[in-house]
Amino acid sequence: MQILYFAWVREKIGRAGDDIALPPGVTDIAGLMRHLAALSPGHAAAFANPTAIRAAINQDFARPEDAVTNGDEVAFFPPVTGG
Amino acid sequence: MQILYFAWVREKIGRAGDDIALPPGVTDIAGLMRHLAALSPGHAAAFANPTAIRAAINQDFARPEDAVTNGDEVAFFPPVTGG
Amino acid sequence: MARIAVQEAEFDVSAETALLTAGRRDIGAVASFIGICRADDGLAAMVLEHYPAMTERAMQKIAAEAQSRWPLTGCTLIHRVGRLEPGAPIVLVLTASAHRQAALESCAFLMDWLKTKAPFWKREEFTQGAARWVEARAEDDAAAQKW
Amino acid sequence: MARIAVQEAEFDVSAETALLTAGRRDIGAVASFIGICRADDGLAAMVLEHYPAMTERAMQKIAAEAQSRWPLTGCTLIHRVGRLEPGAPIVLVLTASAHRQAALESCAFLMDWLKTKAPFWKREEFTQGAARWVEARAEDDAAAQKW
């Protein structure tokens, strides 16, 4: 599945995304964040405070408990600051 | 003193203003309206319902009880409808 | 600090925005409102009359009131007079501030007060030949008084 | 019915107003809001990043929400991305309706929701060389939730 990072999440991880296979047992955004946090020190830094991160599943805002599947595009980013 | 009329007040009276001397005993906007109403049938029609008329003294909105003196420019008109 | 104009000519909101913001780096928000002549009920044209000696003075007082209530860097009020056909812009209110709430609220305030405290009168001409003076609306008075 | 754009180029509020009102005689009110980059605290520039696949979709949803809440004849949302210096316009919201309250309220609503529900992020660069990501503000969340 395609994972995308924006703003300081992208900067801490050092790249704009990851292409991963969803591991068994990971079923929602919260679980996916825990899985990604273990991938590298940059990922660990980015996901150190999960409440500071927002997510989108297939270009719609998602909550920590929302389900993810292998075909999804999932994005992680800070709270938005446009306008 | 200079009296000015606008909108349907002007149309009913048939002219844009009157130049009058303030008669003795007329001291406020309400009294001036009663005086003007007696000048012609057009004036009578225009001032038939004083509560439908607004006034200004020297280019500031005025109330019926506000004092008028001979040097004033006094205007009478319907409630405003700009914007 | 307010730019006030009463004119027959059309106005240009981009040009007015440029004037209001020229040379400044402390403006974060510009709100604007344009009132436009609608073709309701077979309206052919609207004729706007005003009280020339009083109009700009009344508009300056309204602008000063907005500037006393909100931290504006400036505002612009332009009201057209004369004969306006459906689709024609009638009035422009522009407000500038560091922050959006001040710009948006003061813009709404200025329109509500312009409608009830500036000496303009609208006469409507209809395609069938009839004409009538627009009557003041109680809801406009209520809108002006809520501020 | 909404015109949505995400672009690096500047926008022109007069041209956008003309697009929004072209050929119509039922529009009585156009409200607009322009957000501008301020030079606070020695800001040299702001860099706006977004999530391209999601941005226009999110903006369409915000516009649809406004159109479900107010009787709009149309609205326009333009958000710039890339590097913007102090004085540069960032965002334009335009709303059109028969009446002023719908135009003004929906314009304020659209700005509050754009600030909190569209995937844009601002990075500030300062004249001294420092840079930081702008943090979301609780008061923006509160403004969005009051609608």
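So that you can tell them apart, the chains are marked A, B, C and D in the order they are listed, and the count of residues begins at 1 in each.
What we mean here is this: contacts are C-beta pairs under 8 Å (C-beta built on N, C-alpha and C of every residue); 3 or more make two chains touch, one makes a residue touch a chain.
None of these values were measured; they are calculated from a predicted model.
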Practice problem: Report the connected components of the chain contact network with chain C omitted. | Solution: A, D | B
Quiz item: Measuring from the mean C-alpha position of chain B to the mean C-alpha position of chain D, what distance in angstrom results?
Solution: 49
Exercise. Give, as an integer number of Å, the spacing between the C-alpha centres of chain D and chain A.
Key: 26
Practice problem: For chain C and chain D, let me know how many angstrom lie between their CA-based centres, rounded off. | Solution: 23
Self-check item: Set of chain B residues in contact with two or more other chains
Solution: none
Quiz item: Which chain D residues touch at least two other chains?
Solution: 35, 111
Quiz item: Can you name every chain pair that touches?
Solution: A-D, B-C, C-D
Quiz item: Residues of chain D touching chain C in their complex?
Solution: 12-15, 17, 21, 24-40, 86-87, 98, 100-101, 103-104, 107-108, 111, 143
Practice problem: Enumerate the contact residues on chain C facing chain B in the complex. | Solution: 35, 48-51, 53-54, 57-58, 79, 90-91, 111, 114-123, 133-136, 140
Quiz prompt | In the complex, chain B residues that touch chain C | solution = 4, 6-8, 56, 59-61, 73, 75, 77-83
